[in-house]
Every structure is written in structure tokens, then in C-alpha cells.
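Pasting the structures here.
Note that chain A is present in both complexes that follow, paired respectively with chain B and with chain C.
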Partner chain A sequence: MTFWTCRRRDNLIGYLFVAPALLGSLAFVLIPLAMVGWYSLNEWNVLGGTFEFIGGENYKQLLNDEKLRDSLVATAWFAAGLVVLNLSLALLLAVLLNQKLRGTTLFRTLFFSPVLVSLVAWTLVWQLMLQPEGSVNGLLGVFGVDGPNWLRGDTTAMVSVIVVQVIKNVGLNMVLFLAALQGVPAPLYEAAKIDGAGAWRRFRSITIPLISPTILLTSIITIVGSLQVFAQIAVLTQGGPGTSTTVLIYYLYQQAFQFHHFGYGATISVLLFVIVAALTLLQWQMRRKWVLHES
Partner chain B sequence: MSRKVWLYGLLCLLCVPFVFPTWWMVTSSMKPISEIFSESLLPREWTFSTYETVFRMQPFGQQYWNSLYIAVVVTVGTMAVAALAGYAFARIRFPGQNVLFVVVLTGLLIPSEVTIVPLFQMFQSLGMTNTHWPLIIVPIFGAPCVLAIFIMRQFFIALPPELEEAARMDGLGRAGIFYRIALPLSRPALGAVAIFTFLHSWNLYLEPIVYLSTPDMFTLPQALTQFVDIYGGPMWNVQLAAATMTAVPILIVFVVAQRQFIEGLAHTGVKG
Partner chain C sequence: MSRLLALVVTALLALTACSGSSAQSGPKSLRMTVWTANEAHLKLLNEIASEYKASHPDVTEIKFDSIPADGYTTTLTTQIAGGNAPDLAWVLEESAPDFVSSGALAPIRAKVEKADELVPSATKLWEKDGELYAYPFSTSPFGLFVNTDLVKELPATWEEAVAASAGKNLVLPDFKYQNWAVLSAIWRGWGANAWSDDGKQCGFASTEMKDAMTFVHKAIFTDKAIPGPGTTVDFFAGNAAMAVSQISRAGALKDAKFGWTLVPLPKGPKGDYAVIGQAGVGVLKRSKNAEAAADFLGFFTNAANSAKLAQFFPPVRQSLLNADTLAKSNPLIKPEQLQSVVIDGISKGVVKPSHQGQEELNQTIRAALDPLWKPDANVSQVLDGVCAKIKPLLERQ
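Coming up: the complex of A and B.
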């Protein structure tokens, strides 16, 4: 076999290997994305059977849509609350589990277990627990606190969906942090100790910089993930009370599949796409600039 | 010493919100409805009739099968597509490679929720709504697969090329090297891909409620929300019986195989 036939065969095999992924990307990602763009320029009511080119009208509607504004606010709160709570809890758990202590494997298993409980099952049991006479308020009652009707108040509903989601998935980030912590060389801590650095100082000046790639990775996963949270909202609050937990994806679902406004639904999709893409690209950019020591 | 006591105390306290819901799900599923809001940790009166009710109200066995087979097919399909593409992007040099990789990677910027409207339209015009096709082929070939491709590529890049060169000297072709050498070595990465793909499919909710309309086609997450009385109020204990049957088998598999599970995921996370 000469070099060139070998080369040509390699090319062929390369194309064959990537073909399924590539055709899939075209058919189920890129072409649909272009279609979303096209639909967003049309008035399309599925029930009415109307499909009419209206140019930028949907985008004008988008700008004047108060519900959409509410929805963006809810999305921002949800994402911010989720990321802050998730990352700090994940880091706390990872640090605790990284101590020399018997039984950390057991605790790791317990903290991780909600990740594997099926999502809607997890949400349903929390729905029961968050009822006014449910066990969350029962527990608060032990401490003399009269718990609210969690899922019926604006703020408490948002807090509830965030907490339910954090406890469900924090185990994933915890495991990533744990792996990162174990990669920090022990001599660094010893040297700092000799120099008289306290525990907090060591954590801030050694641990945090050295695990910064993981912090960035988990924040990307968590923020982008927060924009895709649908089932929990649909089961726990249906976006309510009012619009207080109507995150963007839930609003998209309502417009497209409950009110059958496909054109306007597609316009919201475009907005969702822009947000996800901007966040992801921004974080990749930050990864280059800020993160220390990336191999 | 006292530091240890503090640490254990803190860990036990933090465990409560992680463990209690699962405990509550299982025990409440065996409580009669009159006890559902009682504070006791165990049912005072045990009942298993909720489990019969689950099967009476919904074709639950069929729905269980739907979820299970869809998740398995999606997992195997994703592993195949991702391993092939990941290997080619990491190891084989062919013209246009980088451009094609970028084309595939755009899927990371476009979650499948963004394209749900045109995808629904596409499958409807093909007469595939209320079938499982959209739940199978979109995850295997579409956006959810892209992360898997990325993980496999990173893994193959980190794999020492000497192994493959030795095999090439021995006269093995490209496909043979992939199948006999690279693929078996990629088990840790494939394992991680398998776990999160399975969970992703198992938990899928938006797509089933958009595409599926008859109970015998439903998947589990969707079926779980169907246990309501004639006024639309939730039948808590029946819901939780169904939820328990959904959650517990996976938890058991996890506890048995937890080392591979967690370490596989952590491994991939660091690499990815």
C-alpha cells in the first residue's frame, strides 16, 4: 500500500466516522435553527391555520411584552440563585468530604443520590413536602416557625424551585470539585502553613486559584443548565403564582404549545438561543483570560 | 477529636435534605391517603394497594418499558455516534476537519429546547408525532450528542498514539485500530457518556409532553403526573408509589456500582 492510497483511505474513513454526527447536526440542529429564524418572521397560529409573513412584528411584540419582561426577570433570578447556591454548596460539600475522615464515601454516596432519582419523581415528592401542611412546614413547626404556603407566594415559590433543583443536582458539581481538590498538591499547603497562613487564607490563596478551571466549568454547565430547567417548573408551579416562576423556556412552551402561537414561540426561541450562545461564548472567552494553569 | 465530632455533625445535618425526600417518597407511597400529611416517619397503617392502583390507572408496565427501551437505545446510539466522531476528530487527519468540528460543536450553543418548534413541525409532517422516533433520533444525532462527542474527542486526544502506531505496523487498518485498540481503551469515557446519556433520556420531560398524546405511548416522567383524581387534584400516595418504582431501581444500581459511577463522571469532568 503506497502512502497516497493509505492517505486517501484515511480521508474516506474520517468522513465516514463523522458522517452520522455531521448529518445529525445539520438535520436536527442547524436546519431547525434556520427554521426558527424564519418562523419568527411569520405570524403562525396553528389552530387558526394562518401562516403569514410579517417581518419584524414578532420582535416588536417581544419588546412590548410585559410577560416576557417578567419572564426574563424570573430567568435571571433563577439562574443567579441556582449558580450561587449550587456552586457554594458543592464546594462546601467537597471540602468537607476531602477531610481525612472515615465514612466519607458513604456521605458522598448520599449527597450524590438525588442526581439519580428520576427528575419528576423528585419533584413530586418535594411538591408534597412543600404543601402548607407538608413535612417542610412540619419541621419548621418543631422550631416554632409558622411556615408559609411555599408554592403559592411569589418569592417562596422561586426559592422553592431553586432549592429543589440545587439539592437534586449539586452532587454532580460536588464530585467535580472533589476531583479538583484532590489534584491540588499537598506540599503547597504545608509550605503555606510554615509561612503562617491560616486555613481561610490557604483556601483563598491556594485552593481557589488552583481549582479555578473547575469553578469555571461547573459555572458554565450550571448556568446553561438553568436555562433548560422545565420539568420542575411545570410540575411544581406551572410558572406561577402569576408569572413569578415563568422562566423563558416555560414561557416558550406556553406560547407555542398551549396558545399555539408557533411564530411568536419561535421568536422566543431566538431570544433563548441568543442568551445561551452569548453566555457560553463569554465563558469560553473568560476561560482563556482568567483561569490559571490550564493544561 | 472534637473537630471530628463537629465534622460528622455537620455532614449528618447537611445530609437531611438529600436523603429525607427519598425516604419520604418510599414511605408515603405505603401510607393510606388519610395519613399522607402525618408527620410520622413510617406509615402507621401499611398499605400496598397504591401500587395496584398505579397499574389500574395507567398502562404503567408499558410506560416503564417505553422509558427503558428508549433510554437504552439512545444510550447505545449516542455511544456509537460519539465514539466514531470523537475518534475521527481527534486522530484522523482529513481535509475540512476543523470546519466540520466547529459545525458539530455549534450544537453546544443550541440546546434542543431552542429548536423544539421546528422539530415538532418536522416530525408532524413526517407523521411521527405520538411515536417514539423524535425521542430517539434527536438525542442520538442532535444537540444532546455534541457534549458526548466532545468528551470522546478529548479522551482520544489524551490517549498515547504509540499504541496505535504499533498496531499499524502490525498491518491493522484504520477501522481495525479504532475497533480493536482505541475503543476498548476508551471504556472510562464511554462509561461516563453512557451514564449521563441514560439519565438525560430517562428524565426527558418537555419532548414527551410535546410529542406524545396517548397513555400507552407515554414515558415515565410524563406518566407520573397523570395520577390525579377526577377533580384534577393529585393522588399523592399513588403518585409516590409510581415515583418509587421509577426511582428505586436506578438508585440500587447506583449503590452497587457507585465507585465506577462517580469516578467515571469526575474523570470526564476534569478532562472535558
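Coming up: the complex of A and C.
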């Protein structure tokens, strides 16, 4: 009986194959994640160099933090606005560009190109365009509309941040939807047509169910992405005016890196992690209800 | 006996030097974080460093690490948190209370040449219990730059300044409706302050502050003198009548295509006053080469090098604070302007507001002041709101 049975040798080879990926995620995902959990139980004064265990104090502060409540509200508005606008626009564009017409390739390229642009460069250009005398208001002026100071109004600032982000990323979801739409078998539409179904009915009863796995995928990606928006806020509004656009990630950054409360910052990241995990789990559970082939 | 004592002390010193876990022997390399990337500034810094290295062969490298001024302190503290602290660092006046009180900086008084001749109003911010924790290498008073092509008569009061620049722009280049502390250059003229001297009482709800801010609000929205939120006007390109800025900005006017002059800040209802912005350079206690870094800091700021640095960074040494010395290195500014704006400014000036936990206060005040920057704002109500928001922060210290 030798130690190196075929089975054991195969297992070892298998482990060796996954080792690089496993080590990578251990070093860059799991260990940092555990450390964030550990930091959240400590008071860490970076400047003074003190690191003191305080148990659940940071979590207690979480419950009594008014600014945190404001930032959760801002995050919810941002996420809701972004997800609804992004997904519906992406689907609309995908349906329009799925037609066999001349010029669709050009438009597909146009709508997808912002995805390839550097995020910060994109945001900086928009910051200039959204100034009171910027090109957005210049364009509105042509139609006789006196545009607002976009980035300084409570509501308009939030709307601006959402729209800038939607235009940046809508192309990605559009491409995913396009691929899904092209996978819908044409005979189904023909059969429905013969049965007398109109365009809307065909869309609702054939297209939507058949592309529902993609809708699930894009909605998970978009929701998770919307909770992690940072650069746009940092460049466009710095969380203002007031705290109207201080979303959770930006608040976390302020607490940890600007106010030097690294322990409390870590606590907020734990909260963010829980929120993202809960939302994803919820969507995953709900898929049985509405995603084709999943029930 | 005394020889024996000296021997024992030397032996002890040698022992501690060897056993000190952080001290490093052998060739040393120093890194100083700075927020300037200006070529002329860096050239001078490197010249001083080369001179020091020539006489100190154990120091093999002195590197000036430029970090953008925007987010400078955040980057610096992130480096410290990541265990990658520089040996020396420039520190902004607004971060001074945090850096000095936290124990992040090493004491340096013993290393500073002729420390007694430093102007007390300039070192106050960098001291704790009689010890100096950073050298105020740049103490730059605020003054009023006037575009003489656009304004014929120099204003003596704020009323005149706003009247003369109505529709022609009176700019505060660093304000941007974010850095509210710059407004102290105006509100000190009303005798207002962000908080009391001990830092415990909020000053935003005071009558003086309300009067001053009502004036500022009117200058923006009624008189159209100060450009509104989101509008950028560049004085240094000749697009504005006046600018409230620090003397160290005069360099930007070297190739100006318009006539300009520099005058002290206009008078407010409370008369004459001056406001200064400051920057210190300190040694990080956690640096492996803290001793060598402090030694270099002593050299960097000695009288001879301070005189060289004076062309960019106004000095705080009494011996250098005279119009003749300053004129040599500031060819753009006339001696009488240097006297009235720089020398008088440094000796009677108050430093821009700073407090422990400044960054949190900054953001909180910035957010609470945002409603003020609208044409129909209720100034008094907004300012009361600022105090309500920052009261817990001021009391926490």
C-alpha cells in the first residue's frame, strides 16, 4: 500500500492548480476582510500611533450616528435612481439597437464608448459641463431654459451624479441585453404573431421572460456597483451640498481617511459589506419567482 | 569627577543609541513630503539638501516627495497608517493641532538655530508645553491683490473694495465655497472668529459673525462682486479686479499682462487686522532616522537657508523680517508693500482657524454653510445651524 495512490496524486495536482488563485484571494480578499473586522473592534489613532481594543464601542456609535443615517438615505436614493434609470435605459437602447437598420453599429459603438473612458477623466469633464455657465446650461439656454446650478442644489446634485454615472455605464448593460435579445429564438415571435399578439404583448410575454437571467445578472452588478460609487462623488460634489450626496462609501472615506477614525471607518465597511451581501442574497432568493429556468 | 561623569554619560548615550530599536546606523536616506511641485521651489530645496549631504556623508539621499496640496494631509496620514511614514513632513496650519497634540511629531527646539529669534505669534501653533514640534517655515499673510487696470482707487475698507469690484469680480482663489476658513481673512475685520481662543465655544452665531457673513452674502448675491458658487474667475490671468490671497502667490504674477499692486487687507468695522496662513515642517517620531531628520531640519531652517527660502516662503526670524532683506528675494513686491503686508502682517496677524479634529470640523461646517450660498438664504438661521452642528465636536476635545 503506497501513500501516493492515484486518487491522492490527482487531488494534489488539483490543489496545485487552484493554489495560485486561492493564495491570491487569501492574500488580497480574505485576510484584508478579516483585518477590517478586527480594526472595527479597535480605536486606531493613526497620528498618535495608538491601537486600542474597545470591543463593540464602534458598533454602538454606528447606532447613534445621525450622519450615518443621512448617508444611508442618500445611498438609498442614489442606488434606487441609478438602478431604475440604468436598467430601463439599457434595455430600451438594446431593443432599439437590435433592429436590423443601417447605422446601428455606429450607435452601439457610441453608447458603449463611455464605458472605456477613464472614470475620473469622464467625471472631470462633466464637472465642467455642469457648472452654472457650463455647456449643459448653454444648451438649455438655446431652448430658452434657464438651467440651475446643477452641483449646488440638493436635488439637482443627486440627479447630476446619477445621470453622469448612468451615461458612463449604461453601455455595458446595453451590450449584455443585446446579447440576450439576440439569443431569443425568432420562431417564438413568429408563432406569437400568428396567434395575434401585438408588439407589447410579444415583448412582455416572450422577450422579458427569455432575457430574465440577464436582467438578474445586470441588476446584481448594477446594485452592487451603485453602493460602491466613490470617484464621481469625490470629484463632482464632495458629498455636498450639505450632506445630500454623502453616500456610504464617501462617508466611510471621510471617517477613516479625513477624520483619522480608522476603527470607525472599518466598522462602516463591515456595515456596507452586510448590506451588499444581504441585497445580493435577497435577489438570489427572489430569482426563483421571476427568472426563467430557475423555479 | 566631572570627567568621570562625562564618561558615564557618554557610555550611557552610546548604549541607548545601540539598543534603541528604531535608530539606524550606516548610510541614511531621508524623505520629506511637500505639497509643492513647483520647479523653482524644488530646485532650491534640492540645493539646500545637496549642501547638507556634502557635509554629512552618512546621509546619502534626501528626497522631496511632492504630494498634491488637494488631499495632502489625507495622503500623508494614509502613508503613516500604512507604516510608510516620511522622515520629515510639511504640515498645514489647519492640521497643526492634530499633529502637535497627538505626539506624531518629535521635539525639535534643540535643533533649531537661534530659536529665540522666531516670532512668537508664528510659533504659537506649533508648540506644546514649551517645546517646539514643527518649524513654521512659511508664514504667509493674506493681502489684497488689486488689478490697477480695472480699479483706479485703492480701497481702504471692505465696503469700498466690494463697491469697486461690483460686476468686476473680487475673488478668493482658495475658497471655492469649500474652504470656509479662507473667509476668516474677511470676518476678522468684524472681530468675528470661528471659535473662542480655548476652542470650546462656537463663534458662528455671534453678532460679529452674522454681520460679517451678511456682508459676504450681499457681496455675492446683491452686489455681484464675489463670483457665485461654481463660477471660477482667475485673478492671475487678469479677469478680476481684486483677489484676497496669500503673499506667496505673488510669484504667479511674474508675467502678468496687467498692472497690479498689493495692499493690506481692507479695514472692517473693527479696524485694522491681519490674517496669516502657515505651514510647518516637522520630524515624524516614528521615522527610523528621526535623529538625522531633526539634524537636517536644523540645517534646512538655519538663518542662511531661511534667507534663501524667504523668496518663496515668508520667514519668521526677526533678523530676516525687514523690508531690505525681503526685497532682495521678492523683486516683484515693493519694499513698502513688504513692510505693510508681510512684516506688519506677520507680527500682528492671527493664524487662520485651526482646531483639534480640524478635518471633521471642516467638513461639518462646510456642509452646514452650504445653505448660505443661495440668494434667498437666511444668514442668521444658517449660522445658528452651524453652531448646533459643531457644538458636540468642539466639546469633545
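Structure notes:
The criterion applied here is as follows: the second predicted complex is superposed on the first by the 281 of 295 C-alpha atoms of A that agree within 3 Å, B and C clash if a C-alpha of one lies under 4 Å from a C-alpha of the other, contacts with A are read in each partner's own complex, and residues count from 1 in each chain.
Keep in mind that, in the parts below, contacts are C-beta pairs under 8 Å (C-beta built on N, C-alpha and C of every residue); 3 or more make two chains touch, one makes a residue touch a chain.
Just so you know, these numbers come straight off a predicted model, no measurement behind them.
In the superposition on chain A, A:Ala90 contacts neither chain B nor chain C. Looking at the shared chain after the overlay, A:Phe28 reaches chain B, while chain C stays out of its contact range. In the superposed pair of complexes, A:Leu252 makes contact with chain B only, with no contact to chain C. When the two complexes are overlaid on their common chain A, residue A:Leu41 makes contact with neither chain B nor chain C. Look at A:Ile223: by the touch rule set out above, it reaches neither chain B nor chain C.
Set side by side, chain B and chain C differ in how many residues of chain A they touch, and the one touching more is B.
Of the two partner chains placed by the overlay, only chain B lies in contact with A:Gly265; chain C stays clear of it.
In the superposed model, A:Gly49 lies in contact with chain C only, and not with chain B. In the superposed model, A:Arg152 lies in contact with chain C only, and not with chain B.
By the document's definition of touching, neither partner reaches A:Leu236: not chain B, not chain C. On chain A, the surface patch touched by chain B in one complex and by chain C in the other comprises residues 131, 133, 257, 262. Taken in their complex, chain A has these residues touching chain B: 9-11, 13-15, 17-18, 20-33, 35-36, 39, 93, 96, 99, 101, 103, 107-122, 124-129, 131, 133-135, 138, 163, 167, 171-172, 175-176, 178-180, 183, 214, 217, 224, 227-228, 230-231, 234-235, 249, 252-253, 256-257, 262, 265-266, 269, 272-273, 276-277, 280-281.
Of all residues in chain C, those touching chain A in their complex are 74, 77-78, 80-81, 98-99, 102-104, 177-178, 228-232, 285-286, 357, 359-360, 363, 366-368, 370-371, 373. Looking at the complex, you find that chain A touches chain C at residues 44-49, 131-133, 149, 151-152, 238-243, 246, 254, 257-260, 262. Across the interface of their complex, chain A is touched by residues 4, 7-8, 10-11, 14-15, 17-22, 24-25, 28, 36-37, 39, 80-82, 84-85, 87-89, 92-95, 97, 100, 103-104, 106-122, 137-138, 140-143, 145-146, 149, 173-175, 178, 199, 202-203, 205-206, 209-210, 220-222, 224-225, 234, 236, 239-240, 242-244, 246-247, 250-251, 254-255, 258, 261-262, 265-267, 269-270, 272 of chain B.
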